[in-house]
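The structure under discussion appears below in the form of structure tokens.
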Amino acid sequence: MLSNIRTTRIEWCDCDPAGIIFYPRYFEIFDTCTTALIERALGMNKIEYLRAYDFAGHPVVETRARFRQPTRFGDDVSIETKLVECGRSSFKLEHRLSKAGALAVEGYETRVWVKRGGGDAQRIQSQEIPAAVLTRFEASKI
Amino acid sequence: MLSNIRTTRIEWCDCDPAGIIFYPRYFEIFDTCTTALIERALGMNKIEYLRAYDFAGHPVVETRARFRQPTRFGDDVSIETKLVECGRSSFKLEHRLSKAGALAVEGYETRVWVKRGGGDAQRIQSQEIPAAVLTRFEASKI
Amino acid sequence: MLSNIRTTRIEWCDCDPAGIIFYPRYFEIFDTCTTALIERALGMNKIEYLRAYDFAGHPVVETRARFRQPTRFGDDVSIETKLVECGRSSFKLEHRLSKAGALAVEGYETRVWVKRGGGDAQRIQSQEIPAAVLTRFEASKI
Amino acid sequence: MLSNIRTTRIEWCDCDPAGIIFYPRYFEIFDTCTTALIERALGMNKIEYLRAYDFAGHPVVETRARFRQPTRFGDDVSIETKLVECGRSSFKLEHRLSKAGALAVEGYETRVWVKRGGGDAQRIQSQEIPAAVLTRFEASKI
């Protein structure tokens, strides 16, 4: 299925007084990787795809991660992201972050496709993933 | 076992263009809650307890969370944090974040007690939790 | 003029590998202080006042800060925020962050009142601050 | 004098509910740019140069910025960073962040070279910039 590899660098601003990455930063990295994956599948950037499919986003409803070895500022890391399951209104992804070829973090997430709800502009609710998106998610062997 | 309740407010800076909290911020909140719990148990702040027990911190090695309903800037939330298990060099915590009395997020984490390693000041490795700390963790019914 | 005092705690997640606060976090703190000041003046929270006055926010167009002494995780700090000038579509604020009574950081910012622009939902442009808001800004001696 | 150009992308996680970048993120970007500049000048990464010159870092003591136009998630930006002045224990930098060739943000910062102080491992104090570093700062026409 759909997959993508990104590289990034762990920066000073990502690290805590122990000198290692502050672990919530990994979820920021994973969020960016998921966006990059969907952008590639749909052939447009996030501002464009939110507008094209008229929805509010794809928030995470469940996530977990295993931190196998710490990373530090200056570390160049590589993240492989895969779409591993796709339902009617939700989808699952896996992220594998490696440093110098060794697995450092595994992340798993379930996301839902949401729109703004009825009368209340503040409310969001899940909706079916558009067929055109599903087709692109399944067709992609990138 | 050891537990604690904190309240905080979701701020504009915690939220993303969908107008809801950007989920990695929950892990920042949970990290602060864990620190608060340990500070209460040990009767000193984090700078002091890192020094008193001469260790490098208690990084997370595994975590998961379920996001049941979104929170928004201006929301006052309450987080109940519990120490649910304590081993020789690791311990587990649960966080339950509520908004207006309704559960919004559940978080689970496993942490290890680490020290700086041998010759390399950059390396950290797990070590046994000091007996004095374990006693405090178990004695606390706060 | 309008002023406000908030207290907060510098947390582990705010600090960098030097063990002191990572300075961009001060701007996050200042942003929250500005919101708190406006919420008090207008008597509603930010979600409500954005809706009540139908505008997109009050982004910073210019800022500067002096960091006189570092703060560390565990430090309780106090921030005094003042509205020091108010024009037709912009206003200026000062923040003074103190630790144990000693001034640690001074911050200055100029903000503009903006609305969504014409045809493009993505575009924002400055507009006049509503008279009702100006009255509240000037009346407040809180 | 020493200068550098970096490119980065504004991400979803950098933006606030107004859909534009939350301005403190610019200071995170500038901090990373300053590190990149020094790394190039000294020919080593930050972990290495902190160790090689045995110091605690180069914290910002004063900064200011002008935000001329907002950036949004998906925007590719370019940042030109220049060392504009170098004293005995402090140095000044300028950052110019552009989007599609147009200047979006100007940033200015003054930093000091600091070491850990006397008996207290928590205390930091300014010290003279090593001659070897000054030579590299001045020699670099990169």
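Letters A, B, C and D mark the chains in the order given here, with residues in each chain numbered from 1 onward.
Quick note on the criterion: contacts are C-beta pairs under 8 Å (C-beta built on N, C-alpha and C of every residue); 3 or more make two chains touch, one makes a residue touch a chain.
A quick note: this is a predicted structure, and the numbers were derived from the prediction, not measured.
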Where subunit C and subunit D overlap in contact partners, by chain label: A, B
Contact-richer chain pair (by C-beta pairs counted) among B-D and A-B: A-B
Centroid spacing, where centroids are CA-atom means, of subunit B and subunit D in whole angstrom: 31
Interchain centroid distance [CA atoms averaged], subunit A/subunit D, Å: 28
CA centroid of subunit A to CA centroid of subunit B, Å: 24
Where subunit C touches two or more other chains at once, by residue number: 12-13, 16-19, 22, 24, 28, 31, 47, 72-73, 122
Subunit B contact footprint on subunit D (complex, rising order): 12-13, 15-19, 22, 24, 47, 73, 122
Contact set on subunit C toward subunit D in their complex: 16-20, 22-25, 27-28, 31, 56-57, 59-68, 70, 72, 122, 124
Subunit C-facing residues of subunit B, complex: 11-13, 28, 31-32, 35, 45-48, 72-74
